[in-house]
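In the two complexes that follow, subunit A is the common piece, with subunit B as its partner first and subunit C second.
What follows is the complex of A and B.
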């Protein structure tokens, strides 16, 4: 029984946006990690979102289905990072160049802001759905 | 009240509006959840529900109102302002959600008021 309308969609969005915020935080934290566990510079991670239907569409139905958001995967962005001249750096190659992670702070901050706004909007949706359920439960009450 | 309290057109109309607001909240929640997904097209209750409902109320026949079902449809009028084809605007969805919740509250207050009147009439106590 589902008293709160749209609950699955909203819950999926909160999960997905929170994951994205975590991934962006990881990117920002590793913005200067020139040697990761594999010996290569850190590569920024991207979260891949997709829409999935909340319920299988009944065949022959003309109604548009509702969707929830699903994280298809977290992938590494393989764009090469900037090469910086820094011959004193322990990870410098024979020419004195160090490959930095491909993390751009401005882009990560924008992603973080967008993601947290979407998260807030969905908590607002959850609040409104709960309010609607509470109002519906007052039907027939003595006022 | 002709036909009793639960068969009158006003009561059926209120019930239909509750179906409508619940369904609309599901559509708006779906839109908000997918606000960041590339290519997602927003959905809403199909616009002919309002016109059909007005016609059914105008005809005065109770079955017309109860046979009418609100349905969700893809919103074809909103254009995408983003490059990825997603046409959901966060603020617009939130405003629609707020006004939808207010509509639902209005209908429920109307119903409760009518129940209260009936209760007063039956028990002759307010």
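What follows is the complex of A and C.
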């Protein structure tokens, strides 16, 4: 039970959006990394969200269990990257082709926008929840 | 029935989470308290304050998140004084959680700003609720003392 309504879901969503932001930034930073720690080019990472139900807080409570956002994991996108002809590159294979990471800048930019707007929306929800609680506390005021 | 007995007897109402927390949000708590003052009934005032205290100390769900840690007072009790003490303890616990979150951010141990902000808001709202409960109790006492013999 929280004094401010809906706060557990909001907090979990803020956590999840921060993680997505981290992952997007990592993708953008590694957009031209042709050799990773495993010897393969960098593969784009995706976050996997799922919603879980939290257990009812107290027995007999009138509140229904709420859904929270849970990060199931960060998975790598296995689609092969573009092959670019660059024979002078140290990672070029015998045909002179270098495999670039499968990071598309336009898609990462859109993910950035989505993530930041979702974060803003959740912050707004938290702010409104606080205002509702404060308003409720003024019921007992005189005059 | 003496006043003390009526305050202590809540019809088997059990605190700290095992009973019905129907006044589980601040609007209901305030409404109950206002009605209790208006009907001039000490049982209702005490019960409304008990509801406020119980819903505050009945735990916020232990998910492993620091801001939503269980805020449960050490000992239960049926008396009005102990429920008020439990209420104050839970407000204090929330304040401590908020302070700890802030310290973690400032020393760099955590970068979870939104958790710190949310726990600070929780602490402030619960403290406001405590102040309102105190105001209502003082008001009800004043009403009672105005009864002319």
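The definition used in the following text is that the second predicted complex is superposed on the first by the 131 of 143 C-alpha atoms of A that agree within 3 Å, B and C clash if a C-alpha of one lies under 4 Å from a C-alpha of the other, contacts with A are read in each partner's own complex, and residues count from 1 in each chain.
Here is the rule we go by: contacts are C-beta pairs under 8 Å (C-beta built on N, C-alpha and C of every residue); 3 or more make two chains touch, one makes a residue touch a chain.
Quick caveat, the model's predicted, so the values are computed rather than measured.
**Student:** Let me test your reading of the model: by the given contact rule, A:117 touches which partner, first (subunit B), second (subunit C), both or neither?
**Tutor:** Once the two structures are laid over each other on A, A:117 reaches subunit B alone.
**Student:** When the two structures are overlaid on chain A, which partner does A:54 contact: first (subunit B), second (subunit C), both, or neither?
**Tutor:** After superposing on A, A:54 lies in contact with both subunit B and subunit C.
**Student:** With both complexes overlaid on chain A, does A:130 touch subunit B (first), subunit C (second), both or neither?
**Tutor:** Touch status of A:130: second partner only.
**Student:** May I ask you to name which of subunit B and subunit C touches more residues of subunit A?
**Tutor:** The partner making contact with more of subunit A's residues is B.
**Student:** Between subunit B (first) and subunit C (second), which, if any, makes contact with A:5: first, second, both or neither?
**Tutor:** In the superposition, A:5 touches subunit B and subunit C alike.
**Student:** Per the contact definition in the header, classify A:69: touching subunit B only (first), subunit C only (second), both, or neither.
**Tutor:** In the superposition, A:69 touches subunit B alone.
**Student:** Of the two partner chains, subunit B (first) and subunit C (second), which one does A:140 touch, if any: first, second, both, or neither?
**Tutor:** both
**Student:** Common interface residues of subunit A with subunit B and subunit C?
**Tutor:** Residues common to the subunit A contacts of subunit C and of subunit B are 5, 7, 10, 54, 62-63, 68, 136, 139-140, listed in rising order.
**Student:** Using the touch definition up top, name the residues of subunit C that touch subunit A in the complex.
**Tutor:** Those residues of subunit C that touch subunit A are 17-22, 24-27, 30-31, 33-34, 55-56, 58-61, 63, 65, 67-68, 112, 114-115, 117-118, 121-122, 125-126, 128-129, 132, 135-136.
**Student:** For subunit A, which residues are in contact with subunit B within the complex?
**Tutor:** The touching residues are 5-7, 9-10, 12-13, 16-17, 20, 49-51, 54, 62-69, 114-115, 117-118, 121-122, 124-125, 128-129, 131-132, 135-136, 138-143.
**Student:** Please name which positions on subunit B make contact with subunit A in the complex.
**Tutor:** Residues in contact with subunit A: 18, 21-23, 25-30, 32-40, 43, 71-74, 90, 93-94, 97-98, 101, 104-105, 108, 111-113, 115-116, 119.
**Student:** Inside the complex, what are the residues of subunit A that reach subunit C?
**Tutor:** Within the complex, subunit A contacts subunit C at residues 1-5, 7-8, 10-11, 14-15, 18, 54-55, 57-63, 68, 123, 126, 130, 133-134, 136-137, 139-140.
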